[in-house]
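Chains here go by letter, A, B, C and D, matching the order in which they are written, and residues are numbered from 1 within each.
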Amino acid sequence: MSVAGQDIDRAISFPNIPGYQTLKCDFHIHTVFSDGSVWPNIRVQEALKDGLDAISLTEHIEYQPHGEDLPHPDRNRSYLIAKEQAKAHDLIVVHGAEITRDLPPGHANAIFIKDANKLVLVDSIEAYREAKRQGGFIFWNHPNWIAQQRNGKATLTDLHRMLIREGLLDGIEVVNDVTYSDEALQIALDNDLTVIGTSDIHGLIDWQYELGRGGHRPVSLVFATERSEEGIKQALLERRSVAWFNNLLVGNSEVLQPLVEASIEVVECTYQGPSSVATVLLKNDSDAAYILRNQTEYTFHAHADVITVPAQSEVKIEVKTGEQTDQFELSFEVLNAVIAPATHPSITIPVRVDL
Amino acid sequence: MSVAGQDIDRAISFPNIPGYQTLKCDFHIHTVFSDGSVWPNIRVQEALKDGLDAISLTEHIEYQPHGEDLPHPDRNRSYLIAKEQAKAHDLIVVHGAEITRDLPPGHANAIFIKDANKLVLVDSIEAYREAKRQGGFIFWNHPNWIAQQRNGKATLTDLHRMLIREGLLDGIEVVNDVTYSDEALQIALDNDLTVIGTSDIHGLIDWQYELGRGGHRPVSLVFATERSEEGIKQALLERRSVAWFNNLLVGNSEVLQPLVEASIEVVECTYQGPSSVATVLLKNDSDAAYILRNQTEYTFHAHADVITVPAQSEVKIEVKTGEQTDQFELSFEVLNAVIAPATHPSITIPVRVDL
Amino acid sequence: MSVAGQDIDRAISFPNIPGYQTLKCDFHIHTVFSDGSVWPNIRVQEALKDGLDAISLTEHIEYQPHGEDLPHPDRNRSYLIAKEQAKAHDLIVVHGAEITRDLPPGHANAIFIKDANKLVLVDSIEAYREAKRQGGFIFWNHPNWIAQQRNGKATLTDLHRMLIREGLLDGIEVVNDVTYSDEALQIALDNDLTVIGTSDIHGLIDWQYELGRGGHRPVSLVFATERSEEGIKQALLERRSVAWFNNLLVGNSEVLQPLVEASIEVVECTYQGPSSVATVLLKNDSDAAYILRNQTEYTFHAHADVITVPAQSEVKIEVKTGEQTDQFELSFEVLNAVIAPATHPSITIPVRVDL
Amino acid sequence: MSVAGQDIDRAISFPNIPGYQTLKCDFHIHTVFSDGSVWPNIRVQEALKDGLDAISLTEHIEYQPHGEDLPHPDRNRSYLIAKEQAKAHDLIVVHGAEITRDLPPGHANAIFIKDANKLVLVDSIEAYREAKRQGGFIFWNHPNWIAQQRNGKATLTDLHRMLIREGLLDGIEVVNDVTYSDEALQIALDNDLTVIGTSDIHGLIDWQYELGRGGHRPVSLVFATERSEEGIKQALLERRSVAWFNNLLVGNSEVLQPLVEASIEVVECTYQGPSSVATVLLKNDSDAAYILRNQTEYTFHAHADVITVPAQSEVKIEVKTGEQTDQFELSFEVLNAVIAPATHPSITIPVRVDL
């Protein structure tokens, strides 16, 4: 079933959180204008089908394998075509480019820039500086990439520390394509970098993430005060983002905890007859299949301590409250979300009983 | 696709464990001969479709709501019909009956009995004794039943303690129909009772457990030295059983840990090129969708610390081993299995690398 | 998703036709009270899940294989239990019984009777007469049954002709369980008998008709002026019924043609730009997957002459009308419906173009 | 499940016919090198996933909307890239180009050419002649295209007649993208043109043909003596091809009838006990869901005269043969195949009974 170009089955969906809209964004995408395999219009259509709010086509500045066939001198071309394609739709196209260097500093995306051509500079640090002069937001791409880091462990170098100190590095990919990095998350936390998740797609989204088998593309969920380019940029600068990847939510607890809490709603709660077993109907209004571990003293009538709540669906939890009461609290560790390596957010769900 | 009366899609499947066959058994079932809604032949067919090894039709001795229409004086009738029906198939039918009393002692199933008619006795304790004289194995049914226990918390009474002391109570249902009880599990552990999971089906298995949506009937997995009535009885007396319910495995660690380990096999492991990221292909040869939490120092390249391994399928885990090595160990807390309330078994998986 | 006991996925659904409600009925059902395998309450629940309007439990008068266990002398018992069970629901339970004899006359169901006990008579013809005295409607069951008719071809005997002449035979099963009979349909047409389709279920509907793979139970669609026992009886006496079986609709054209026409609606029709190719959006509001063969001079832009319209869905047909016009007619032979052996109804669909 | 780059679920599959291999080919495909939206490598991957044997990238010679970005003077570039990509796989890439003119003659594909650059000629007829000089096979594209033919009816002009007379037109698309044309089929039959079906894909196969909902790309099934470029060319020149589109098979009866017969195999046939109802198990070893209409005097025990045989599956037909016999014949009109407008092939299936 298709609504205005958006395929409902595959559209990524998460609720807003208090004070912010939840925008679904992919800031790392390639086309034939660098080493990707599709024209920019396909990227726009994929984004619309995926229900995204914003994308950025981030062609390699320095790597142009199709250059023989596309000898264009204009590094903004891909952006301009996508922007034109997106006009008829409600999709934000952010101007971006990938500064593509050996490690360190490795690859980095500069988004919200004005002119990618000016980033064609010999010195990578100068390219970062130019991007910042244009108002860019810069994040380190796939710091866990085994082609550049054999052990797969994102590691901060002195050069990166310098970039951070000089305000030239704003974010870091904790998720890139089909990978996630605990080490990158720790770097983000230690250095106040924004957590980023991207597809880095070169081929087709449908194939790479096996959408036909229920997969989804990695994205950054960005919590913005308004649905605009400016709103997204400000949110990123203020580190209000969560990476969504392979049923995992990654972010700092300031935004990740409200996101989980906004996802799960108590629809109703009643006692079963004169018993003190309360049936709580929970509704999960998100694409995440939550894995919850009980943190209260209560035991359940149909579950042990771990409960799974499938995406976009309702589940019943039967809570033994000891005696009947008109309200109580559930509390869970959220195992499919991380706020630090091997560290999960906790949520509290107040329940009011329909007596 | 149907193989000899067994519906492959719904047949419950778990691997054997070292030294024992894993038999799938349901020891709590009703028909029109007490308060159920089907003839015994349907129970045999359901069991065959579900891939069970053994069933017991356990009609209420004292509760005969269809008595006006089925005024049979013979409490063995249901067993005899099912036994006859099962002859053409490889299904064990265990003779049983439900001693149906107020709490305490509540309801109890006596299985492996010889003559249910002799259990028709005024004094419930005498009925237990008669069952034992016949060689019976007795377990307490749904100790968490809110019709008998308003707070839903299984609680041992002095009468039960006496029954246990006298050797009149061998097991306890930690799973009955659509319920699970942490308190019953604790009672089993504290009193060396056998852990039992049953459907207590009265209507149709297909409907009650929503097989069309991937559900399964609750069963006891019994670990027997031979696939026979005697083998099952001995296994139960020696507490070698696990309850399987709603993707939860419940049992003591002596059998539950080997069951999980037998379920998960390393198919292959190789390093990705010159990197030290090892791709481990795990195969889950069971119906349980495992939820595993990393207990090693290793981090993963495509997961945070919690990994789900769908039923009857393969998943890849990419392990960052720091340097290349020819063998290493994975270790996980198994969150969809409990060996005590809120306590999960740990498994260790040795991995040999194909260098 | 379950609505008041009715399972939406499996509920049989056909639209009303002009002047009549379309009621879904199964008039041939067994329980443990003859040779079936379930208690009557299961039959009520199956009917509710299948979205039926009426059922009749038609136990064999003369065949009581469970008689040893259910030695009830009252042949009305099954009806009475089902009637009681159905009280809380909007399901009509029609009193019936199966007069079970060798061929001729074979088996016959008498429905709308008052007392099945009075049908226990040595002479089958007398049993028919008694059923008629009670106001019964009588139909010949499975005239194609190979246990009674080796070549499987329903054949009228002199005895049947006599029954028809005397007004003792009102209908004939053209569909019974998993069989359909062209010969029975011809007999119905030649002798003004009502066309009947029934499940004759003994086991479980879910299994026998493989509901999990999209199957459905056979039913009679009865076109009644009101949704009541009386409405159904009158409709049957006036031959307003269609058998629905395995995606086949069987009946006389007076009701079958309006049923097909009511099933298919033109949602919208527009020309593609300045072309004279009209896109017609057809909606099939029924459970039948229609197979339609073009009977007009028009050719289509995306189909040859045969078009399939899946159940409960929409399809687009692009019609080359030669020149633009504000209205035209489609006409199809309906290949999954028969009004006589190898004879299909024709429908005409007027199309108004949104110019 | 993926086998060597080929996605089993979506791979198009039809059996060979006596004397010939059945090759699945798509000879009308676009990339960014004319007005398509993907790089040639995606076309190779799509073809491998679809199980194709051969493709031809047929860029518009005269229409280069991406020319500003891809100002390549070499019209062979797309072919060369695809050829290189296909090297590692068992996929034949045929050199082709689309001669793109107003009607008449409209668009035409020349395949098996040597140098597309030489087709850049002002006079379209000269381009055809050059293609033939290079050994090309030329077919008329989408003669039913409403942008060129408002009424959607393929119509031969004098120019086309001249082309045919001069041997400059070998085939005609009866299927293009999401359209089929009865008129084009009639033109093919009247003028001995080869029947062609193509996708004419510009975007993504997955989206355009809704593979996720069971759709398939249109192809030409080519019946070749060997699986090679030469084998395909000779087959096309000898008109051994069938268009496969939206569950419709289109072709001349010389190859279409054997194709249907090769698709359907009698697995076994036995009588039901002493009856003369023969159960015939038919296996459909093709992707076509056959719709068959009985052409014999036999009637069936579970069907009226029209039978559907789902793709890649088995169905049982119960045939009333009157008396038991050791062999008989089934005969069907094949309604989802056309050998002329509104004309279907007939097949005969000899059945040997296991007595």
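Note that contacts are C-beta pairs under 8 Å (C-beta built on N, C-alpha and C of every residue); 3 or more make two chains touch, one makes a residue touch a chain.
Since we're looking at a predicted model, the values are computed, not measured.
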item	value
Where subunit B and subunit C overlap in contact partners, by chain label	none
Far-end chain from subunit B, centres as C-alpha averages	D
Rounded Å distance between subunit A and subunit D, as computed from the means of their C-alpha atoms	43
Centre-to-centre distance between subunit D and subunit B (centres being mean Cα positions), rounded to whole Å	54
Distance between the centres, which are taken as Cα means, of subunit D and subunit C, whole angstrom	40
Pairs of chains satisfying the touch condition	A-B, A-D, B-C, C-D
In the complex with subunit B, residue positions of subunit A that touch it	144, 146, 150-153, 178-183, 246-248, 250, 272-277, 291, 293-294, 299-306, 308, 318, 320, 322-323, 335-336, 338, 341-342
Complex contacts: residues of subunit B adjacent to subunit C	9, 32-33, 36-39, 41-42, 45, 49, 66, 69-72, 77, 203-204, 206-207, 211-212
